[in-house]
Amino acid sequence: MHGNKGQRVQAVGTLTGATGRAISFLANPSYRRHLATTRAGAVILEERFVADCPVPALIAANPYAVYARVARFLHPPRAAEPGVHPSASVSKDAVVPESAQVCAQAVVAGGAMLGESVVIGEGSVVGPDVTVGDGTRLAPRVVLMDGVRIGKRCLLHSGVVVGSDGFGFAREDPEWIKVPQLGGVVIGDDVEIGANTTVDRGAVEDTVIEDGVKMDNQVQIAHNVRIGAHTVMSAFSGVAGSTRVGARCLFGGAVVVVGHLTICDDAVFTFRTAVLRSITEPGTYSGTLGAEKAGLWRRNAARFRTLDETMRQLRARTKPGRRTGGD
Amino acid sequence: MHGNKGQRVQAVGTLTGATGRAISFLANPSYRRHLATTRAGAVILEERFVADCPVPALIAANPYAVYARVARFLHPPRAAEPGVHPSASVSKDAVVPESAQVCAQAVVAGGAMLGESVVIGEGSVVGPDVTVGDGTRLAPRVVLMDGVRIGKRCLLHSGVVVGSDGFGFAREDPEWIKVPQLGGVVIGDDVEIGANTTVDRGAVEDTVIEDGVKMDNQVQIAHNVRIGAHTVMSAFSGVAGSTRVGARCLFGGAVVVVGHLTICDDAVFTFRTAVLRSITEPGTYSGTLGAEKAGLWRRNAARFRTLDETMRQLRARTKPGRRTGGD
Amino acid sequence: MHGNKGQRVQAVGTLTGATGRAISFLANPSYRRHLATTRAGAVILEERFVADCPVPALIAANPYAVYARVARFLHPPRAAEPGVHPSASVSKDAVVPESAQVCAQAVVAGGAMLGESVVIGEGSVVGPDVTVGDGTRLAPRVVLMDGVRIGKRCLLHSGVVVGSDGFGFAREDPEWIKVPQLGGVVIGDDVEIGANTTVDRGAVEDTVIEDGVKMDNQVQIAHNVRIGAHTVMSAFSGVAGSTRVGARCLFGGAVVVVGHLTICDDAVFTFRTAVLRSITEPGTYSGTLGAEKAGLWRRNAARFRTLDETMRQLRARTKPGRRTGGD
């Protein structure tokens, strides 16, 4: 602690917005400019910034992580209110401990087993033989299909669908015969899944999301995929069938991976990258072109369309040792 | 009006489909070819096309806007049927005016305040302390999480989730600590949000959607984003965390913007553009390459992979004044 | 049959996972390496692989299709349990045959007509005047808006929304006037629609999904679109307004098509392709660049930004017959 050791705080805020009893933090150096003028009650920051801090400072090697803990302490999530809402529909063959909360209009089917302090949000559907680990929370309107297994302390946001059929069809021209999707979905502990994200069940074996994986909104996980522990996938990202993603990978937004690949641990994919081949070496990978003025883009895109042909010509014309002059 | 001033119409139709008492319109000139043969009861069009119109014509500077009003007049949306359906679950601590309609299986939590003539669709969930402005309609199965504030005359389509947690985690290898998402979501008046679109709550301050914004299906708005008034975002578009989008911008489909950027007013992004840097100048921006025959694409893509290296070589070989001949 | 003609099987499995009484299959040659060591009770495969098969083999020209049938026979989908759950809300003006199943918390509105053996999943909403053909199943939490018509033997997964308003607005600066979406949605027989996929209703006429179309999760179909029979669209694919897609097309994942185009029959689009113009010739089309190491990508992307300008210079400098030497 630097400055007034007795400083008390009761809320959190941004460097520009916090006042009086609110504590703020400086993690992203690009916000450093706001430090000099902050009116926060205190700021969590790295030692190197303390000299610029006009208010009491809490020094931390990882200010953002410390902020996360302080914020959770000051603003704890609403506790479960044990009990089954009278409008919920719970099968007599389901296991619902007294500490669990089943909210209005929710459905818990036969064979489902809920752990201690589980919360099933309004209108959520827990299918037959689903298991939900202790302390896991389903937001309103989540669907867990037959036999899905979810670990402990997970958080699934509204509109999430886990255990829908994988996309499997056998062609018999012109028709497609549905391939029954007989596998399940196994989700580890401490997994968070964003709003309207979908995770398909396996075709024969299980789709697996390992411990500590964090998925943002509108992510799509196809059948037979495995996502390694602590991998983070931002919104609009997706992984096609039977691909295995390693541990501790980072997917920027809208990163998509084709099927039947293997992605090693610690691979980082920047925003809007398409992964078309297996990745065997940790590191950062990119694959998108950014917006340009429409006219410039059009001209460059037209050149791209003839790139191979043009390169052939240019290479031929400039072959070293070749006389290009007329004489 | 041109032609029979007494013409009566009672429905709308396309130039090719309308007959008898149906009125049509010509807005997109590419459909002009259908004008000569239309059997519509009347056509709304610009003066310049009236000579080609074989039926009574309603002349307008903005035919599409006039058509929109005529269509709404002839086919008004179903009015709210005031009252709470017996299967709905409404907290005694919620404010639900007599003019509001709460449909079957819907949930309205404590502290929620619904305005006059609000419609809460079947199975929709209005969370604690949510406010919904007069005349706003929620289609079936919409979720508004705790404390979300929605303005007047908005329309939210099925599967919309507003106020889910933003995607915020602090890294403490190998784990990720959840950063509580303590902000809210504020949505202005006359906003339309498409099916299965998600709008996250802010981390500390609010995510803001200003008046008159129109969002299509499966759009994603991350935490702390601000979308300026009357901006239009087509399907699959998304904006990453803390980015501010100006007013009257147009997003073609699948336009995605990275986080922490500023997009000026009146920026137009064409289909499937990725925005990787702030935009400071109004105008049209593009960023995608279109489909080509697979073989041609493969060859050009291979050249792209070596573009920098090849360009270096070619520039060196063709440096003006350099002798490239062998003699 | 090759090998023990009397072999009995009672389940299915993968080449590596199947044992004892489980039958497996070899369809994708890249899994051929697993054949020699399989412990499956039998394997369905092509004649050319039978020599390598250590266990009884069922020889088939199309092993995957035969596997699909065997799997369905051994693991039939759960049959409908006729009846209306007491927590469901069914209008007295709806037609619900005795063979149909309406699950917990579901809603069936007035004028809706369900066919024989239809299943309406938990929390699903069938809107006014909707028709659902014999044998069609809705997973939990599907929404069918007013007047939607669905054929026979369809399967709609959780979170699907059919019949939401198309995205239509007329500009009247700075505002946008909503164009009423008065068309419907017509879906043929044997259509499967993946989780959280959205299909908008037409503006004036109908959005049409023909027989046998298969759509994966999080697909988006805009208003007035027509998808031809037996076309397959993988996850994240989308078609913008008024575009007509032919029959038997294949969309890899994340394939998006702009509006007002015509795509011929039998067009194949590889993963993450953007279709910006009409396609008149059957064949395979591509349009994405794959991930590269970030540094390499950055250099190539920078070259792309100046591609047109550079090409002009290079072409000028290398014009055949031009003297480039200094002498």
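A, B and C label the chains in the order they appear, each numbered from 1.
Note that in this section a contact is a pair of C-beta atoms (placed from the backbone, for glycine too) under 8 Å apart; a residue touches a chain by one contact, two chains touch by 3 or more.
Every value quoted in this text rests on a predicted model; they were computed, and no experiment measured them.
Least step count on the touch graph, chain A to chain C: 1. For the self-contact between chain A and chain B, the two sides draw on mostly distinct residue numbers; the shared fraction is below half. The rotation relating chain B to chain C, fitted on Cα atoms, amounts to 120°, rounded to the nearest 5.
A separation of 23 Å divides the Cα centre of chain A from that of chain B. Residue positions 87, 105, 123, 141, 159, 196, 218, 236, 288-290, 292, 304, 307, 314, 318, 324-325 of chain A each touch two or more of the other chains.
Only residues 87, 89, 105, 107, 109, 123, 125, 127, 141, 143, 145, 159, 161, 164-165, 167, 169-180, 182, 196, 198, 200, 204-205, 218, 220, 222, 236, 238, 240, 256, 258, 260, 269-270, 273-277, 279, 283-290, 292, 296, 299-300, 302-304, 307, 310, 314, 317-318, 324-327 of chain B touch chain A when the two sit together in their complex.
On the side of chain C, the complex with chain A involves touching residues 12-14, 17, 27, 30, 62, 64-65, 67-69, 71-72, 75, 77, 85, 87, 103-105, 121-123, 139-141, 155, 157-159, 190, 192, 194-196, 212, 214, 216-218, 229-230, 232, 234-236, 247-248, 252-254, 271-272, 288-294, 297-298, 301, 304-308, 311, 314-315, 318, 320-325.
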